[in-house]
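Structure in structure tokens, see below.
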Amino acid sequence: MRALSPAELNVSALEQVVVSYSDTATALADVSLSLSPEEQVAIIGPSGAGKTTLLATFACALKPSRGRVVVFGRDPWALPAAELHRLRGDLFLAPQAPPLPPRQRVVNAVLAGRLPQWTAWKALSSLVRPRDLAAAHDALTRFKLDDKLFLRCDRLSGGERQRVALARLLVSNARLFLLDEPVSSLDPNLAGVALDTLQEEARQRGATLVVSLHAVDLAMARFPRLIGLRAGRVLFDLPRAEVSNELLTDLYGAELGMSFQSPPTFEEAQMKLTRCL
Amino acid sequence: MTTVALPASPLRDPAWRERMLWTAAAVILLFPLGWLAEFNPATLWSAASLSATRQFLGTFFPPKLDAEFLYLVGIATWKTVAIATVGTTLAVLIAVPLALVANRQLSISAFASGRMCALCMGVRATVRTFMILLRSIPEIVWALLFVRAVGLGDTAGVIAIALTYGGMLGKVYTEIFESNETQGTRALLGNGASRTQAFFYGMLPVCLPELMSYTVYRWECAIRASVVMGFVGAGGLGQQMELSMKMLAGGEVLTMLTVFVGLVWLADAVSGFLRRWLS
Amino acid sequence: MRANAPAGVEGHHTNAWVSKAVLAPLVFLAFLMASIATLSGDWASLFSRAAATSMLEFARGFIAPAGGAAFLGKTFYAALETLAISLLGTLLAVLAGLALALPAAGRWGLPAKHAARFVLNVLRAIPELVWASLVVIAAGLGPFAGTLALGFHTTGVLGRLFGESLENVAPEANDTLRRNGVGALPAFWYTTFPQALPQLASYALYRWENNIRAAAVLGVVGAGGLGQMLYFHLSLFQTHEAATVLLAMIALVGVVDIASNQLRIKLTGR
């Protein structure tokens, strides 16, 4: 195994990054993290901890007030606009609320993932007559939405819209997946299917997958590395096995005086669910 | 690898057929439309057209700015404003009685039972139709008619605005009367007040700001309409512009166009101020 | 009566009310008087015998509109011409307005924004009829001039309305695509445009309703259609024929109003 150069070691890295919106509002304080190729990471933490900001910073969508960002071995904020644009085509940032225009059909919403690879003319002609229907259909099938291919986005439920936004990822070319609460509107069964698909896709492509979750049980069950974020600071950055209940209590429950129980496994959760039905 | 076996037939976009048909229909329709409208951009570049354009544009600069001409333009502009003001005032005088009759809130026969007597409905319908008639004939057509009847000049313009805007204001006044807070009016009618009393004590105070706001807005539109009507001889700035254009005096036209744009902007500002001040 | 109200906040309130109730009518009356004085007021002539007779002539003419196959055929053709002017003019304006709305919404920098807005304002400020008189010089008499004139003015109107609509679209969908490396124009077509489309279509159709009225009257300066026919017959005092043309105008406006309403419901679902 040859030694990897430092640039190749990291898909994306933040060094002592500070993101602040004003003198008093700091979203991220002194965050240093790095992501290696083919890693799968879950970011957990209470609301307002800065998970969205962290993902945005990794995705060079947000310029930090201080500190350095490196993406694919380069400093995105030092690049000329065209280069930065190309760089962005290699990553995929999915916001919490599915960004789907209401009257657009699902097929076009999904194929929008291909846009970085298409010329302007191809993009426009695909609106008139969708190209690559097969790829869109395939992507939707993996999220169990194949029958919705030609429906309008505003005719879908919240959970379906969320899955369509994820299907976009499957037709894109990205090597770095940054997903903000991708399964928040999905029931445990569908959430499992969605995460299965995402993780498998990441493995197949050799891409890095970073997901922010508020369901700690899912995070613990599926992701080998967990980053705990609280009030804009990294509380811990550990392999799954080393994340103890005390750490989780620190992360979530300390302010509320709660103590964290050992979260149920996915199977246990599913059994609980079927018992309720 | 989770691939799904694709269906035997390739996927087809269900919307494609409909789109094709509509696009084909539109394209096919464009040809007769273009023919009817004698759409031929090539004529714009023909020798005769180009020389006429160049000649006209050539006279545009410099704009005519001598004192005598500016005085003439000033008078014409003031006349335009005067036409609009008097016309709108007359329109209000026409519209108010029409709206009073047409609106349903002042109907005594409908007050208790909710249904009007047949005669009342007939009267209201007639008044509404009359207002529609006044409205649907463009003001410039009224102007043309009255220029023929009473000759060139401001009078034709004033009447044209009075009639058209009378219809428009009448319709909107009716809507305002009907849609605003009617409790006061109904209370007065219920206690035996006459319709006029109910109007002045119940309806008018509530509706007045909206009425005035819309009337001021219409006055602003009337200024623009007056200029346009001037082109068929109804006086004011428009008539002057038409004369200058006929003589291909580009400099004069440019000055008047600038004054016109300034006038519209000023009227817009004044109208905005008045509407804020009055409400 | 509020005159007895105490001074202070109440007093200020009273003063404002009094100034509006007293000052406004006074200013208005003064303005009105000045206006009436300026207008040469050939008002006497309005009630003169000559005016009365010609108005009676008109009325008689209008009660009996002219018929006859040949004339009705001509009127129908002129109506089609007017319809074509309004449709083509509005169509041109939609395309040009959209093209100008993009820079006017600030997509290509500040100088482009100001330039586009200036052009749109000039186009909008000049009424269709004035445009028609100007365009007739280059395009000659006839419906082509009317189409262009309508196109110019409507571009100004629609360009501004389109620009406002585009600016008001929620930016999240667009931003997401841009952050994922999609170019400005494809992102526009995939997110901003479909979201604004119902509003754009609504404006365009509403403008068509307005333009059919405008197209009908553009003919008085020689721009073809029913207006030109009307002007022609009125100049010759042929009131019967003029009445027919007028009725055709009203009917055409009514038809377009209905069609435009139906289209709007179909396209925007409202």
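A, B and C are the chain letters, set down in written order, and residue numbers restart from 1 in every chain.
Definition applied: a contact is a pair of C-beta atoms (placed from the backbone, for glycine too) under 8 Å apart; a residue touches a chain by one contact, two chains touch by 3 or more.
Please read these numbers as outputs of a predicted model, since none were measured by experiment.
Of the two chain pairs examined here, A-C and B-C, the one linked by more C-beta pairs in contact is B-C. Ranked by distance of CA centroids from subunit C, the top chain is A.
Chain-level centrality, scored on Cα centres against the all-protein Cα centre, points to C.
Per-chain CA centroids place subunit A at a distance of 55 Å from subunit B. In terms of their C-alpha centroids, the spacing between subunit A and subunit C amounts to 50 Å. One inter-chain figure worth recording: subunit B and subunit C are separated by 7 Å, centre to centre, where each centre is the mean of the chain's CA atoms.
Across the interface of their complex, subunit C is touched by residues 59, 61, 85-95, 97, 99-104, 108, 112-113, 115-116, 118, 120, 123-124, 127, 172, 174 of subunit A. Across the interface of their complex, subunit C is touched by residues 32-34, 36-40, 43-44, 49, 52-53, 56, 78-79, 81-83, 85-86, 89, 136-138, 140-141, 144-145, 148-151, 153-155, 158-159, 224, 227-228, 231-232, 235, 238, 241-242, 245, 248, 257, 260-261, 264-265, 277-278 of subunit B. Interface of subunit A with subunit B (complex): residues 105, 107, 128-130, 133-134, 137-138, 141-142, 146, 149-150, 197, 200, 204. Remark: subunit C residues 20, 24, 31-32, 34-36, 38-43, 45-46, 51, 54-55, 58, 80-81, 83-85, 87-88, 122, 125-127, 129-130, 133-134, 137-140, 142-144, 146-147, 213, 216-217, 220-221, 224, 230-231, 234, 237, 246, 249-250, 253-254 touch subunit B in the complex.
Residues 1-4, 6, 10-16, 19 of subunit B touch subunit A in their complex.
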